[in-house]
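These are the structures, in structure tokens.
Two complexes are shown next, each including chain A; its partner changes from chain B in the first to chain C in the second.
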Partner chain A sequence: MNKIAVLAGAVVLLAGGYYLGTANRPEPTVIKVPSTPKAEFVSEGSSEVAAVSSTVSVRAWETPTSGELIVVKDGESIQEAVAAAQPGAVIKVMPGTYKETVYIDKDNITLSGVIEEGRYPVLEGEGVRNDAVLYSGNGVTVENLYITRYKGNAIMGQAGNNYIIRNNIIVDTGVYGIFPQLGKNGIVAHNIISGIEDAAIYVGMSDNVDVVYNQVFDSVAGIEIENSRAALVEGNYVYDNTGGILAFITPGLPIKTCGDVIIRNNFVVNNNHENFAIPGSLVSNIPPGTGMLIMACDDVVLEQNIITGNDSVGVLFTDFSLVTNAARDPDADPYPNRPKILNNIMQDNGNNPAPMVRAFLATQLETQGPDFVDTVGMDDGCISHPERFRTLGLDKYGECEFSSTSNVLSYTLPEPVPPRKDEPNMDKGKLAYYGVCAGCHAYSSRMIGPPTQIIQALYMDNPEGIAAYAANPVKKRDDYPQMPPQAHLDEETRLAAARFMLDLKK
Partner chain B sequence: MKNCMKTALVLAGLVTAALPGFAQEVEAGKGLFTTCVACHGENAEGNKALNAPRLNHLEPVYIAAQLDKFRGGIRGGDGASASARQMAPMAAVLADEQAVQDVAAYIASLDSEPSAATIEGDTVMGADYYNQFCGACHGAAAQGNLSLNSPRLAGGDDWYLEAQLLAFRAGQRGADPRDTTGRQMRAMAVILPDEQAVKDVVAFLHGLEQ
Partner chain C sequence: MLRKLILLVLLPLGCPVLGAEQAIELNADCPPGFELSAGHCELRSLYQMYPSLQEAGVGGLKTGLPAYRDGFTPQQTDLGRYLFFDPVMSRDGSISCASCHHPDKGFSDGRGRSVGIHDAVLPRSAPTLWNVAFLNSFFWDGRASTLEEQMQGPLYDTHEMGGDPQWLLATLNGIEAYRALFAQAFPADFTNDAAQIRLDQIYTALAAFQVSLVSLNSRYDQYAHGYANALTEPEKEGLNIFRSFVARCAECHTPPLFTNQQLAVIGTPEPVGMPFDVGAEPVLKEPSQRGAFKVPSLRNIELTAPYMHSGRFATLREAAAFYTGGRGHAVPEGEELKIHWHIWEPNLSEVELDRLVDFLRTLTDESFKPETPSRLPSGMRPVHDDIALAGEIQDGATNNE
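Presenting the complex of A and B:
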């Protein structure tokens, strides 16, 4: 062995070590005292709300009522009351047990439980019924119900706008707890939800929604904002889930964007639950111990959340590759953009990372999960007080131009918005596909149901076959849940949705 | 897994001796299968050199369905690959539907080890593609799904699975308007973005527990 070569090698190693040593030395903390106030926070949602709000009103609107009152007593049917009701009716449900599925296809219906000394009206699915409450009407309120042991949804909105879902207790109801799909202008507030194998609160393809003051635990995904815009997630207590709060794009859904999401003043604590999602489904990829997950969603603001005890990572910003590289959607940007991290309170995150997070950390020579991880390495993000946190991949983040979103009181609009069906280019089939089918079927990726592309291959030029199957599905796949019957949709609607589904190209 | 199924079948055969159908078919199929041995091998284990795939891992109903397609000119006709066109006249040797049932039952009663891997691919990507696009019909473990007419893929030769995916993509298979299930498969095969993805899926399938 040549001694000179050995010596040269040693010098290189020494120099390398010195370089690594200096490269890893943290920047000295810069102490700053602001001399002038920062700019006011502005977003598309804040401008939209400000333009129509002449006075301060925060979620002050209610479902319009006509004076019609229907009281449902134990032993009677809620659905019969809905059938008898006119728009504007208030349906009061007395304490008792109701073993049924309620479908509201009328506008301005208030479905309201009566609570007596802690006794609720209980909607009981007995492990066999799919959904407790479905609504497609606009201006629907669902409140004060105790919903348990359904297989599909506790409360699902199917393209209803101006909805209020509040003060409900939802225990072990299968795939989704509260699921407003394709709704504009809605409030999800003061609900207690647990034991959901996908998302406890799932805001899908929606706009202008406030998800506030809910208690969400023992579920796979706590609160999920998906392919939605102008969402305010505030003051929620989110704990013991696999992942706490999520904002993301599912590739292959017909609405392709996610953005303008304010997540503030939430308690995101000990979200370390074992992942019990259906294997292969999108949320089955969430690493246990994830406080927040922002996947491909743009302009997400994180402000004054208390994020503690999440064993993998406090907040994870990432792209589609977390869940799939195979499912592609050329029309959806797979990367998150412009994250805005204001002050948040972080403690004890990353103490016992899940295996996939541990493997990622190993590539960074780390073992403890950070408070914030950006696997993309975005260059358009901002963070206040970066020195306070253990971060990975935030090197290119700058200083935020605003210090608070307190000027945004709500992302809901003070006046009701028109129904979806009145939107241009919205026909019956499209509305049903967007509002109902896309809850479980994405075009090119696996959600709860098989991708639309597979259904197209199986049915080809046979929409009647889809419409008939959807009315009365049978279990065909042992690793997918059985499809819930869609017989509440009339035959014409089912057929129109099937035709739309077969013609879809993305 | 395969052995368990075989044991179960044997046991079922013993128990259901009073039900003569299946056992009789197997016995009758044995004689018919002698025509097939030259290419597919004594145990239907397959022979890559002759482009003859392993068959004994498949369900009888699927083997019979494909034989019927070959016999009816729905598979292996004009525009099909050379090996499929070779198979068509061989299938036509079977005299009637009973012969098809018999030989299918006999093939399914055979056993062999899966063939060695010949295709390299990214099995992680393959698993991802499979989960997104294939598993909904062929099953999470590629065990097949009779209610969707989807054959078992686990245990198949990787070279054959690749060749068939490529044939579907090229329109050599699944293009005949009478081939309903083939057309379904063709529609899915073309979704894979490129031939590397085909290799990835096939490599993943071959790595599954057989």
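Presenting the complex of A and C:
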């Protein structure tokens, strides 16, 4: 997570800026009996998913496999298996202890632990290695691993669409447990994560992600959705963290929006852990006892969560004014626009507020932390059954126009995002010719290498000849330097570039 | 002969005129990396095959490029090249764009702080021009949003090139060779003999040349496109340190451009004796951006020592080591900076710092480096290879400690 100077700033802000108004004036409870069904929930994410769904499909896709199987046994190297694997390979890791960093810079790799009678393959960082698994390829699955004692992250993705991270046990791995970043379409499911000094699960700058059925505890932050769109956080058991579930915009990142986040059916319980973040880090400011924190993230739906026993506050909606120790970002909208609160179950929140929260409450003549706080006082929010909760700043919230998001089964797409293709000029041969070959070959004029026209005259109908020569060139001409080998382009690309070169007319 | 004499009179530094002997013909081919399409040069790169979340051009190895500038004509690009190398663009003819953006110095100048006309030492270093086609803000403090806006800074700053728009127009319009070249590059604007060179044409030509400086064919790129052997084992270790969440380099120096194009307050020191630079604070009128600078691209970073906005660090190793020195360790007393959250204490080992430097050196690629013109339309001789001025050493411009 980051930069949430949370309630340190909140105290100042709330004490100074929150207009108490009528919040503490008791009003008679209005009893309502629904007469007509409400409208169906619609969001950008739901429309996107519905548009490509012909049949009901919930997280039904898998990493494509080719039949290639590589088995890694205790004492062997997982990275060597990754190096040998072709896209589509399944790498099975037998129980044992593996002391390494595994990086996957290929597409469609399944890294899968084999669990025998409860014995896992263990990735052991010994407190000295940085990250356990790094991936940047598309279509990567990481599952069934036990990861412990790394300094950075257990599983980190930098770009890479269509990822599946599931069934892993992650204990005490430093900054983040699971951190997919800058990818579209991903599943983070059924992981058990604890002992993380920042966030156990951190979805950063991503689209179409389901974070479902995970157990996260004993961490500073449980689950964070940051600068992301179309995220479903469902059915997670989030307990004994400093803060439970967070959705927010971090200022200063290149992708500046957060929105369309459904947080439903989670158990957000007793998130009262002492804050053990690195002193000086931003999460070190989260007051123990924060159930959920929504900062500047738009269209967040909270539905049917059980939020209990969080000693400071159940749910906090806020803006960037809480960020006191990071630079402002004029390009990011600071408000948590259109918050939507549906039928959550709250009990025993705010019973023992952290000192900074208690100090704020005292200014409101309160001693118990509320179920819901909106420090901005948004006027475009909605809440079901507001009378059930102790709230601050929700006076302008209206009735929600929908009662459920149950028509959204998933925010992942039913089919993996395809690679970019069929756009004009996306021909691989053309891109390789202009992007690489043209550094030395122009059509008719002399550059470092001979003109394309001369090569055309030599090779005519023989693109294979060019492709083969380019991989292993020899000195041919006295008046030109020897060509450097182009074996870094794979055979298919070399051949496509050669064909393009022979067809070129200008 | 009469013509020569007139030119001599008009030239700021009456150098021998070559241009009159054989007219310069602008190149009709696009620069490498570009395809000629309906008369315009369009960028082509293998990176265009890849997707990019929200089209932001930040991600991992196979991530598409950020939004970029292209679409200039080959002639505009070549005209920009002549202008770029021609000292006629500076008031006293002593420097050209290439003096501070030297093609053999990574399109920077090898100095901590650049030197303008009259030996003026400037407050900040000259950024590289490689890959400026992909940037959406310019100058260290991000105060310009286009190349055309940016170039008017150095062209007209009294301490840099010292010109002004009127003077520049009069100078170029007074050189027949340039009028002929502008007519080649902007034929629609030169349909009669009375047509004059305009400022927007100058800016367009310089921008056209600058966006042709594309560097996307490093060994790192070969690795990114799938050739695992492009990097050595130590370099791959360096890559993994670079993108790990311990060092966190890639969080701001994000592939494929190795910048996320944001401002960041990281708290690097100035050279000894130089006052603290407030960075983007006055630009944004935002006190929390005090000391903020643009995250620079790391492509060709090996070529552009010394490092940081005023060149405090002489080597890549020193620059990398800054990040493991502790949060705010170099912030002057009395400055309260909102140091970026990724600046922490990663406790990188000496070996890890070495590996990071190994990796950074794989980002070098000059395969599309343009040719320096052998003669200039003004008839002046190129000056960008002239020896550094004497004043700089006393002034601390290259004295990094």
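What we mean here is this: the second predicted complex is superposed on the first by the 390 of 506 C-alpha atoms of A that agree within 3 Å, B and C clash if a C-alpha of one lies under 4 Å from a C-alpha of the other, contacts with A are read in each partner's own complex, and residues count from 1 in each chain.
Here is the rule we use: a residue touches a chain if its C-beta (ideal position, glycine included) is under 8 Å from a C-beta of that chain, and two chains touch if they have at least 3 such contacts.
This one's a predicted model, so the numbers in the text were calculated from it and none came from an experiment.
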Review point. A:Arg328 contacts which: chain B (first), chain C (second), both, neither?
Key: both
Check your understanding: What is the contact status of A:Asn130 with respect to chain B (first) and chain C (second): first, second, both, or neither?
Key -> second
Check your understanding: Residues of chain A touched: more by chain B or chain C?
Key -> C
Practice item. Please indicate which partner A:Tyr480 is in contact with in the superposed arrangement: first for chain B, second for chain C, both, or neither. Key: first
Check your understanding: In the superposed arrangement, does A:Ile454 touch chain B (first), chain C (second), both or neither?
Key -> first
Practice item. Using the superposition on chain A described above, determine whether A:Trp61 touches chain B (first), chain C (second), both, or neither. Key: neither
Review point. Counting only touches as set out at the top, which of chain B and chain C does A:Thr101 meet: first, second, both, neither?
Key: second
Exercise for review: Mind working out whether A:Phe276 is in touch with chain B, chain C, both or neither, as first, second, both or neither?
Suggested key: neither
Point to revise | chain B versus chain C as contact partner of A:Lys428, first or second or both or neither | key: second
Review point. Can A:Tyr213 be said to touch chain B (first), chain C (second), both, or neither?
Key: neither
Practice item. Jot down the residues of chain A that show up as touching in both complexes, chain B in one and chain C in the other. Key: 280, 325-328, 444-445
Check your understanding: What part of chain C is in contact with chain A in the complex they form?
Key -> 29, 32-36, 42, 44-51, 53-54, 56, 58-64, 216-217, 222-230, 236, 240-241, 243-247, 250, 254-255, 260-265, 284, 286, 288-289, 292, 327, 338, 340-341, 344-345, 367-368
Check your understanding: Which residues of chain B touch chain A in their complex?
Key -> 125, 128-129, 131-133, 135-137, 139-140, 145, 147-148, 183-185, 187-188, 191, 193, 197
**Study point:** Residue ranges of chain A in contact with chain B within the complex
**Key:** 279-280, 324-328, 444-446, 450-451, 453-454, 456-458, 460, 476-480
Practice item. In the complex, go through chain A and note every residue touching chain C. Key: 2-3, 83, 101, 103, 105-106, 130-131, 134, 136-138, 151-153, 156-161, 174-176, 179, 182-184, 205-207, 252-255, 278, 280-282, 325-328, 330, 417, 419-421, 425-426, 428, 430-436, 438-440, 442-445, 447, 487-490, 493, 506
